[in-house]
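Two complexes come next, and they have one chain in common, subunit A, joined by subunit B in the first and subunit C in the second.
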Partner chain A sequence: MKMERSSGSHSLRRLPVSIWGLVVIVVLVALFLPGFARIGNLTNVLRVGAILALASYGQTIVLICGGIDFSIGSSVALCSVVTALAVQQLPLGLALTVGFASIIIVGAINGLLIAYLKLSPFLVTLGMLLLVHGFAAIVAGGLPVEVPDREGIHTLSGGVFLGIPYPVIIAGLAAGALHLLLERTTLGRSWFLIGSSLPAAQATGIRLRRNTFLAYVLAAVFVGGAGLILTSRVAAGEPNLYPTLPFETMAACAVGGIPLTGGRGSALNAVIGVIVIAVLNNAIVLLNFPAYAQLALLGIIMVGAVIAQGVPSWTRSSRIRSL
Partner chain B sequence: MDTIISDPVALRTPSAIRLRLRFAALAQMRYAVGIVAALIAAAAFSATFPDFGTFENAANILSLFGPLAVLSVGQMIVVLVRGFDLSVGAVFALATVITAEAMNAAGLVGLAAAPVVGVAFGLLNGVLVSYFRVQPVIATLGSLLLARGAALLAAPNGQAVILSGDAQTVLLNLQLANIAGVPVTAVFTLIVFLVVAFVLYATSFGRRLFMVGGDPRSAALVGVRVHAVTVVAYTLCGFCAGLTAILILMRTGLGLPTEGVGMEVQSLAGAVIGGSQLSGGYANPFGVLFAVLFIQTTQSGLNFSGISPYAAEMVMGCSILLAGLLDRVSQRIFRTA
Partner chain C sequence: MTSASSVGPDARLTGTTVGPPHRPHALTRDDVLLEARAIVKEYGSTRALQGADLILRAGRIHALMGENGAGKSTLVQILVGAAAPTSGTIALQRSPVTFGGVSDAIAAGVVPIYQQSSLFPNLTVLENLFAFETAASHGVAGHQSVQRRRLAQQMLNRIGLAVPLDQPVASLSLGEKQLLEIARGLGRDCKLLVLDEPTAALSQADTNRLFAALRQLASAGVGILYISHKTDEIAQIADEITVLRDGVCVISGAPLKSTSMQAIVSAMVGHAFNVGEKNLPAVGSSVLTLVGASRRTGDPEVSITVHACEILGIAGLAGSGAEEIGAMLAGALACPHGALTVNGRPVGRMGDRAAAVAAGIGYVPADRSADGLFPGHDALRNASASILDHLTKFGLLSRSAESIRLTAALTDVSLLPNQPRRLIEEFSGGNQQKVLLARNLAVVDIKALVLVEPTRGVDVGARDIIHNRILKAAAEGLAIALISTDLEELTSLSHRIAIVRDHRLTAELPRLSSPADVASAMLGGRQ
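Let's turn to the complex of A and B:
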């Protein structure tokens, strides 16, 4: 299967199934919601989606390795708190770097515990979710830390280049980087092997522990991008910044067609999943549904999308095999 | 994938059985983590704060730990069959809202709405996970969003629903009542745990839960209806979320649509510290009971100390990491012994 992929033909059959879902959804929404296809609205959809996209890239790497990351939401919160506190002493650029570094540290701790001590990714990242959130809340004193606006902190999230918001450009470049990392580097290829069969990966003699560790660190680099943009948008150190982020990234990956069982996935899958969710969220807003109905609808759509992608596999596999 | 005898241990000599027994003994020790942790926490806080080790404070902790305990034991059942349920917090929030409205309309009979809502969502999760093969993260996350949205829609303007009339009086009186100093809610919680323990250890359904969690393929080969057992496990978890809603209604007298955020993670923490393994096949309700007592004791103790309440969250996080480490150590001993 990997061989086919690297033969690199651009035929439509190689594209993930989920892309047809995306096309259908975009066409339907554009046809029935006149406000949707305006440039301003589309830009807005992408701007909102960019943060989720960056975080989902991190989740994608971890999922491919057969892991899972619950600590994303807490680490972006930590980033915002650390940045907000650092900006009182340091210049803005340096403060953002410190915030970014805090996310990398969380990722490195995850990686150390999972790769070198071989602890379960589920437990490690769940533990880190609580640990890091508690830490961020204590450091912030339980209340949001304001960042004075004159620091120009809004530039990162609000800036525009050639009509395209910075976050969208960053998310786009990051998608390219993730694609190259996954498809064109030995490290990236090894993650697929680690995720699909640990014994096989061991037998090939790749540096299992180092590569798993690097997966969590590089995932943290992408999450760090999301953390910085979020921090820039709220301009505050907020311990409860985005608690549902890990779940939303998992939803995006699942909708995009990345199984949570490891060994499969691509940057394109993640991008598709994020755009589907962003478009649907936007459509629900345009439809003027009450805000609460949005939540419920998002839940239904997410499960529906995953079930729809699973349909072909039901017909193939026998009952016992499926267990 | 294709061979039934994929477990190398099964191919070895009878010493494999001895190894299994040793592992089982280790797993029993693992269940004791919650108990030890609870005792250490209680001893440490009692030594530090003279007011902590009093009977009143113990009763206070017992009256507070019910909701998380019942939620965690439900979570434990799902974790036993290799799943987990992220929707429990949102489901019990929805159940409090619906139940409060039902009780305001129909009196005490309305209390039945809570388990009904819980069971409905548990059933939904179970069917999605087993028959539709949706991964637990996605299925229960979908239910979380659905339940949270429904709770906010059901409550007028998303505000809390206030219980009124006789129903409220009865519930609040029950909450305040105690049997020989032990709060009624704590007794209620204990009964839930005893029932779960009975189901797990003394019924054939309990054995089937362990079989499905330990090795679903083998279970299917000996005739266990794996999908059906999984559905019932999720349904029981939903039922527990419904019972949690009753406990919350007793304490607050309110239907709270925004309650329970983060409770899914806390209940997972309770199950895991209490000895459950996410790979399935292990569960001990009393391990979970003490794990939740430990969490509640730490929270109360840190409240006493005046340290930020978030320190309790950090302690919980560390406990989960420690539980992960213990799992790893026991696996290692099992493999190399």
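Let's turn to the complex of A and C:
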């Protein structure tokens, strides 16, 4: 038990007070918003939340390394288009594999450019967001690609095991996998060190390029899960699928207490943040607020969370050093 | 709008913003220009300056020296209004002033010239000279009137810079750019010019031009504060000198004529002249060898060997390249030329620290905050970073193995408080340094250790502990390279001391050389 004092509870202890405020909001929504606590609605929240969760796990890895990933939004769209086209030629399982692979390829390109060419994660992934959106639209011919219903594509997002929707089971297992990856592998540990101080990581002999590259590839594995469930849910190839996804993952991570400056974070942080965002998204729908209110709220949450995280103590001490 | 802005710039020009290059008014040589008294600057619990005094006079070139971290930059920032002192007073021509920002200081006649150029490379010399006035005019840039050109020419003449007014700045030499920057600064009724390492990137010819210009300015009554750590330049140009160490003035405004270079260096590095005689182990066979390494093609090539059980001291003033030689020995610096071997086996590409760690080379970099520590993580995780691959069980990182192995390593360096789970930033500088030492001593099959300034900014107690651990490591057979500007540390711990000047190994001093010998060798034998 003594070992558990490390990162999980560590980062939970450092959640800013304001986040507990948001948790209170969620509880209030649950108690007082009519329709929220209905089983049907809750299941829906969880189904949608599972997609955000998987994508946020990918974002968590990248943030811990001191990077950021905008390309999540377009890579799930690419996945849906590629899958929808492939399913016309291939069996469903294989088509989904091809769709998944397309996301891994996007992650690998991110990783190559950032780790080996030392380009800024911000610019690379923002560029990839646009490029992949454009590419998906070209491949799809500008219109959504229909998937024939007989293919049983809905199973992945709609299936239920022991009363629990598949996406929730997948997101739960993935959270465990992420926890293991971050806390119990040398690769995961190296991400924390790289994000905490790049020069120090270099001096200690950590393989910066390989491990940074792998961060983007493994992040893409989690995003790939989100892409497949999303594809299954819409049962179509949509070049403009879920454009706010990268921002929702960032908001979820920030609210969950993962600093956008790198070096810290955990699977638990991501899960907490996702729950908060998913519930608030749902509350907006239930309150019949317009869709753009959701965008505005997302912006407020993100900036608010970043402010609440405050100036980390070590940036102050590093300022002294520079004198 | 259009008509207003077309007359605007020239109206301003003839007004007060740019005075013609007149002599500073009512100032005669040796008048006190600026007087800073008992300046204290605290950053959190760190005292960067603890009561520094500085008196600058008209027509004098005053050198400010000190090692990195001595408080030079902090003092300069305060003088030019870029930082506010925690306490202390500044008086300009005997009336107290408080600068709210750099613009206040410039308006009062204290003009800083920085290392990084603030010129606009795509504009001409003329446009650059009036860049700020143009920007302040909020309109279409004024046409280049005859009057304006005459003014510009006078500004250039004042510092002896002969370049065509319409030449683009990008085509000027570095030295010409520096002079142009000074000319522009002088345009603003400058009383005191503050130059921070102005020759860092200059050729010898450009340096000479700069010095000629500075002498010309000084004779015209401008006060000059010249920050540098190049002692030979100071000897050439300065009239007076102040040396800072640990935030205190150890030499305060002494005339340069009556101060020996040796005294200056001693003041900067601050040693007590006693060789603490430690028992050093007998030296074994060669272990760590660097052959023909240079940072850039054309730079001097460095070759150096460290033997088993040997502590090789490497000494050089800041900027001499000693720290870089340390980084090369650790395989931490990518070099186009050169090879590193451990026990005769090549270590792979220069700059690949992963390969160097695998070969058993430990490395404690000079700047522990920037290049050593992992903030936000505990001492244990900071210590385990180099041996993660050796802490796995069934492919997974074993927390118990990590804890057992590194708690022992941290106890071995007497970490205080001995709490491996405490965040690294909560330890004192000395204990952070112990963690870095423990991290490297834990490297599996370690054969060599490169330590750069292992006790910089470290309290006396931790310093002794670190020194003893270094000696113990040598006795255990490690080859140790110790790069330090702490001459007492070097002379008491090293078997021999290699001297670095201008990125070259220029001399080697034997065991029990005095710190004075080392200091004079660092200066190139000049007294």
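The rule we apply is simple: the second predicted complex is superposed on the first by the 261 of 323 C-alpha atoms of A that agree within 3 Å, B and C clash if a C-alpha of one lies under 4 Å from a C-alpha of the other, contacts with A are read in each partner's own complex, and residues count from 1 in each chain.
One rule holds for everything that comes next: contacts are C-beta pairs under 8 Å (C-beta built on N, C-alpha and C of every residue); 3 or more make two chains touch, one makes a residue touch a chain.
A quick note: this is a predicted structure, and the numbers were derived from the prediction, not measured.
Novice: Does subunit B (first) or subunit C (second) touch A:I39, or do both, or does neither?
Specialist: A:I39 sits against neither subunit B nor subunit C.
Novice: Is A:T204 touching the first partner subunit B, the second partner subunit C, both, or neither of them?
Specialist: Once the two structures are laid over each other on A, A:T204 reaches subunit C alone.
Novice: Which one hits more subunit A residues, subunit B or subunit C?
Specialist: B
Novice: Taking the superposition as given, does A:A296 touch the first partner, subunit B, the second, subunit C, both, or neither?
Specialist: So A:A296 only meets subunit B here.
Novice: Which subunit A residues lie in the overlap of the subunit B contact set and the subunit C contact set?
Specialist: Residues 313-314, 319-321, 323, which sit in both footprints.
Novice: For the complex, give me every residue of subunit A touching subunit C.
Specialist: 3, 5-6, 180, 183-186, 188-190, 192-193, 196-197, 199-207, 263-264, 312-314, 316-321, 323
Novice: Quick one: which bits of subunit B touch subunit A in the complex? Just the residue numbers, please.
Specialist: Subunit B reaches subunit A through residues 1, 86, 128, 132-135, 137-139, 141-146, 148-150, 152-153, 158, 216-217, 220-221, 226, 261-262, 265, 268-269, 272, 278-279, 308-321, 323-325, 327-328.
Novice: For subunit A, which residues are in contact with subunit B within the complex?
Specialist: Interface residues on the subunit A side: 68, 70, 113, 117-120, 122-124, 126-135, 137-138, 141-142, 239, 243, 247, 250-251, 254, 259-261, 290-300, 302-303, 306-307, 310, 313-314, 319-323.
Novice: Which stretch or stretches of subunit C touch subunit A in the complex?
Specialist: Within the complex, subunit C touches subunit A at residues 43-44, 46, 48, 73-74, 77, 330, 332, 353-358, 363, 365, 367, 369-377, 381, 385-386, 388-389, 391-392, 395-397, 399-400, 403, 421, 425, 439.
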